[in-house]
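There are structures below to look over.
The same subunit A turns up in both complexes below, where it pairs with subunit B and then with subunit C.
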Partner chain A sequence: MYTLLILMVVTGCAESKIIDKLGILVAVGYDLTEEDSNDRIRTTVLSYKPGATSTSTVPTSASNNTSKGVREKLSLRTSTKEVIGQLRVAAYGEPLAREGIITLTDTFQRDSEIGTSVYLVVAKDSAEQLLNAKNKQQAGTGDYLYELVKKNIESGIVPSPTLHNFLNAYYRAGKDPVLPYIEVRGDEILISKLALMKDDRMIGSLNLSESFLVKAMMGSNHFLTHEIELNTDRLRKYYEPTFDKLYVTLSHIVTKSRIKLINKDTPEFHIQIQMKGEMEEISDLVNLEKAEVIHALQREAAETLKSEFEDVMKKLQTKQVDPVGFGSHYRSSVRVKDFTAKKWREMLKEAKFEFDVKVTFVNVGITS
Partner chain B sequence: MSNKEVESPTLLHPMFTMVFMFVTQISIGMLAFQKYVYRESEHDAWISVVVAGLFAHVILFLIMKTLKRYQYQDLFHIHVRLFGKWFGGACNLIIICYWFSVSVYILRNYIEVLHIWIFAEVPVWVFTALFFALIIYALSGGLRVIGIVSLVNLLLVGWMAVLLYLPIRQAEWKLQLLPLMEASLGQIMMGSLAMGATLGGFEVVYYVSHRMKQPHRISTYAQLGLLFVNLLYVIVMLVSIGYYSEHQILNNSWGTLSLFKIVQFAFLERLEFVLIMLWLLIIVANLLVNYWIMTQGLHRVFNVKRKYACIVIMLMALVCNMLLKTGDQLAVVSGLVGKFSILFSFAYPVVIYIVAHIVECVRSRAKEA
Partner chain C sequence: MSILNRLHDVFAENCQWTCRFFSIHGSTVHVMFLNNVADDELLSEGILRPLQKLDVHAVEQLTPDLLLGQLPLKKGELSHDLDQICHKLMLGWSYVWIQDCSEGLLMCTAAHHERTLSKAEIESDEYGPQVAFVEELSTNLALLYKLLPDSKLCVSSLEMGNVSKTVVNIVYLKEYANEDQVALLRSRISSLQHINGMLDSLKLAQLLDDNVATLFPTMLHTERPDRVCQGLLANKIALFVDGSPFAVLCPVTIYEFFHAGSDMYQRWIVGVLLRLLRMSAIIASVFVTSIYVAAITFHYQVIPPELLKTLIESHSKVPFPPILEALMLEVMIELLRESSIRMPSKVGQTMGVVGGIVIGQAAVEAGFVSNILLMIVALGTLSSFVVSNFAMGNSLQIIRFPLIVLAGTWGGIGIVVGASFIIIHLARQTSLGVPYLQPMNMLDSKTDEHSVLRMIWKLMKREKSSYRIRKPKEDFAE
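Let's turn to the complex of A and B:
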């Protein structure tokens, strides 16, 4: 009885959160402020408008030196109490991302209210602009961003950019994070490329086909479609070319990669990549009834991909970033004491990569 | 303990030894042990956990040997038998102080979790008072009630282990665990020492054995209970090493709770809140056992009524909890209690075993002569 009594009295002690009086944040954006300002970081929050339909969100911005300290100023601009537990997307403006974002992500992991499944993205120019942008679909910007990124993780070129994945790569000596790079073009919001991060600083980007290749190297993945250019010289005997170039498009692609360290000293990696997909389109008329034609196409596709893989690795090596995590493979196969990111970057420059690509057309559709 | 009480129907099935071991070993330590072990033996931390577990099995074996020698009487009794009324009583008091420090450590750390995660503004004394209300209520039922409550609570929380599947899906064991045995033997041992602080608590059999039916079966159940606890710790450690990267695990003070941060259902966004609230059941069960041991001890030493003993301890615990105001104070105290735990769980039983052996040898020779 007494227990009950105490329980009833004490429940009033906790801070109450009444849903009608909350502003539920769906997205936050961080930018550098203008140079003449005293504050360092401009924060934009996107929260659901109380009482309205779920699509309407309101952006509010303020500047301060820390991302959480800004709440004090934000609360002067909103009538609701802002809560961050439902946060889906955190956007960082490119200039800020180029200076480093770890202090801003560190406060996320410190905060028990925020889950580790928040998506981190880099916004072209400014995050404030991104969160204020309207999209053609007329969806709430926060939800739109979330669904956009989510879909492209599941079946597109974006490797999972959750807070956990970012921190996991950041805190690992042999791996670097990659984040989707989001642009606003007119009334469109789109993922235009991937931002390559060196530690927590953005130092470059990968275009769409490079992103595909990088993601294909990361374990097993699914992709909706991918277009491969084929070398026509060796295929001439199988068909009458009407165009100079030949393209095939694979769909429902499943990739598997296996990375093996074959030489500890160079270091040299052997990367086996298997790609399976339906061949859905071919840019010229080719008779696909014969198995040898299909095999030839598969071989050519593998050749193209192999040279593309080599090119993308060269690019990553010159930039000294390792989004795939070859460093982790190295560390787990060689007994090295004090393996550091700095040492690995030096080794990465000299590393050799040997690709073994296998493309399989699971089928060629209804017609042959 | 008089003979009348031993024959009374309040005796428990020896299976409950397992339950008591579970609740005393998996309390607050389970939520936050990865960092401390990983700091010492890095990605071989799981080996440290295994080694510490093996040590615990050996110590438990010695404890059971000692208990058998004294017909499964409790440690308070053994102390008096060994050292006489005064010195034995002093030993009992020290043991009570140890359990007191453990109970403060557990409750205050759990309140810290509540503060960090859910109720940032509720003062410490409110939580403490709530816990004490529950504890007084359940303690009045005696060990039998405590045992059954613990069992039910364990079953209510146990299903959460299934959710480890989600972090397991993201774990990269091949990259994180290899190469094996990169840490030196010294590092592994240091890791085991750190793990020992978490693993302590199995000496609870010292105090509950005299309330069990068929005491010769306690040993089997105790070893089995310890085995399960060890397995659970090894599994959680393996999952953590696979799921987190090197510095991420060192950076995280509440490793197990953060593992559950990625668990997400359409109807429930953040599962670690559920885990924290369910963990309350484990904490309550653990505190019940602690307080039962302390009141039992005070009753034995000073012959005071258990009710008054309990209230005195609670007042002291309340003050101690309120004195620990900040996280860093708590960290210092936690470190200290961890050391006590190694001392009293791992070292002390060995001492008692050896002393008992010598004393009994001398006594039996004196009798013969």
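Let's turn to the complex of A and C:
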């Protein structure tokens, strides 16, 4: 007991961080500065500040050559102590993302205050603009961004863009990161596509349906809904078409994918994808009482998806990026000396992909 | 100098002292007693009336032996020892002395001032026998005999206190209780020669403790006869002090302080769940305020984002650092607790509830404390009341304060340091040589099935409970 007392007196208190004296960062944004400026990076932070009536997030910006060095300048603009421990989202302006962001993510990795579950996103034009934007719901931009990305990871087309996943994909030969691409349109903040990263540089993007397919290839995932266009030629015997095209919408989709290397010289991959979902809507009147009609619809849906998968793989091959991680799969199946990202990019161009898609409608009646 | 004169000297300054004399058959008979201490009816029916009606012609000489046969009282003896006579007179006995005899008669005419049996007030419970002990030792023992009418039940009587001369009973079941422990207890009691007044069993329990420096009680006091019987059947020893409505059970482990009688009488699922609830409430009551202080002072990272905004807003109006704020509120709650115990019961209830809410609400509105802290402190206090044993409840309340200070200076590390200190301290304690944390420190087939959770009655082949005994400290010093 006395030891404890003496210890307390001798060591004194730890550095206290009382929450209402802090500016707690929820989001940071990084941009390139204008050409003529001496500094290289413009940092915008979004932090909680206790106000007179309510607590809200306030953006502050400053420029410097390093992202942490900017704190010196930021502290001149804020009355609170800025701390990074509650950081949820880090946004990178597109011009910066095209130049590479690894030096900026590296500093997060070193920081013991934050975990590796921070979401990284790419902002169209500028991150400063994104963090200053007002959204329709009048919610704090930081919270809104976090919830937006989180929801779309859980049940949408965004593969998890956490710092952990990003660094994992970056340092692993044969896998590339993908990040959500966020746009501001008027008073709306939205995820418009996925940014394809080659190492740490953004080199292109995937639209919504491509994003769905890429995420479906990455292990087991859940999706809220997806719309599939069906080829009507072989379905005519089952119904009287009123429109040229036929669409079905699946909801509560569960996908499972299994990637197998079947030829290590080409290399050739066999990708088995199982997709289960409730058929929520169909764009034409089709009598679904017979099992054979449903089977035919499932077959057609699988056909469509298969060709779409092949298209998206062709696109990825021409861009020489590999967000799914076929390279690391190849490496785990074949012992290769000096397997590097560069080698894999050459091999990826020649690789062949064979898809085996199976679609199951678990329910065509009343859906929830 | 005759006994009469000597007694007159002793009681010269006592206005209750009464001495009556009768002339019977030529000799004078003195009846001495303390008015009001001796029972009026017993005195007149048992001594005065028989003396008046004594057939004086049937006997030649009036002797004390003869008189003893004539007085219809339960207890009576011959005595000439002045100390004994004085002591008995103080207890309400009467002394009948025939002039010029060397011996007199001590007759029991003691008045019993006792309240009627009532329901347990402090340890009230919904199931089980409802009666509670009273201040009269003989009544308490009668309650015990009613529940355990077995010849194995041993009651050995000792006298304690140089002035109070209190009767202390050691009660145990032969072949159940550990003989060494009984002997140890006896030797500890007999070593307490310096005690003048033994007015309550809680004082005795403190005097018999293994370690005086600990905050935690190592002997359990209870006012429920069924709890004592449960303890006796579980190899424990019970101590009764005349005049105290609490029996003291030893040896005990810390878990037994958290038990309630109804755990055992309800269905086992309910019993087990209630015990789990109680255990978690105890942990919450000890740690919840300090965790709040640590989180808000040092570890803003651990606060869930949904809560962050509310916490910042609630604390931004408070001018004090969280540690001061928490200590202030805890002291306030302690004041409320303490004052509501001393208050007359009619005011107490209203003051306790309304006062708490009014003071709490006003403190929040005035920006003195934050409303989230108020809620957390209230939660902690509420949780501490699940302990039916108030000695343990008080200990738990007190250890919150050092934990809050540690949390406010060192944060989470401080809480861990404090918790480690508490656990190490508890692990070192013994109750009559039995480790305080048993069975947590040595889990084997010999441990009590009921100690932490409870066993299903039907699954038990026989009711047993035995402790592993650490060698008791031989010499006991206060």
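FYI, the second predicted complex is superposed on the first by the 354 of 368 C-alpha atoms of A that agree within 3 Å, B and C clash if a C-alpha of one lies under 4 Å from a C-alpha of the other, contacts with A are read in each partner's own complex, and residues count from 1 in each chain.
Operating definition for what follows: a residue touches a chain if its C-beta (ideal position, glycine included) is under 8 Å from a C-beta of that chain, and two chains touch if they have at least 3 such contacts.
The structure displayed is predicted, hence computed values, not measured ones.
Q: So, does A:I366 touch the first partner subunit B, the second partner subunit C, both, or neither?
A: neither
Q: Tell me the contact category for A:A291 with respect to subunit B and subunit C: first, second, both or neither.
A: In the superposition, A:A291 touches no partner, neither subunit B nor subunit C.
Q: Which partner chains sit in contact with A:L76 here, subunit B, subunit C, both or neither? Use first/second/both/neither.
A: In the superposition, A:L76 contacts neither subunit B nor subunit C.
Q: Would you check which partner chain A:Q86 touches, where first means subunit B only, second means subunit C only, and both and neither mean what they say?
A: A:Q86 contacts both subunit B and subunit C.
Q: Kindly list the residues of subunit A that each of subunit B and subunit C touches, one partner per complex.
A: Dual-contact residues (subunit A): 13-14, 85-86.
Q: Show me the residue ranges of subunit A that touch subunit C in the complex, using the header's touch definition.
A: Touching subunit C from subunit A are residues 1, 4, 8, 11-14, 16-20, 22, 24, 26, 48, 50, 54-55, 83, 85-86, 88, 113-114, 143, 146.
Q: Over in the complex, which subunit B residues touch subunit A? Could you list them?
A: Counting only subunit B, the residues touching subunit A are 116-123, 126, 129-130, 133-134, 137, 170, 172, 174-179, 182, 244-248, 251-252, 258, 261-262, 264, 269-270.
Q: Sort out for me which residues of subunit A touch subunit B in the complex.
A: My answer: residues 2-3, 6-7, 10, 13-15, 85-86, 109, 112, 115-117, 162, 164, 167-169, 171-173, 175, 325, 328-329, 331-335.
Q: Touching subunit A in the complex: which residues of subunit C?
A: Per the stated touch rule, the residues are 296-298, 300-301, 303, 305, 308-309, 311-313, 315-316, 318, 321-322, 405-406, 408-411, 413, 417, 421.
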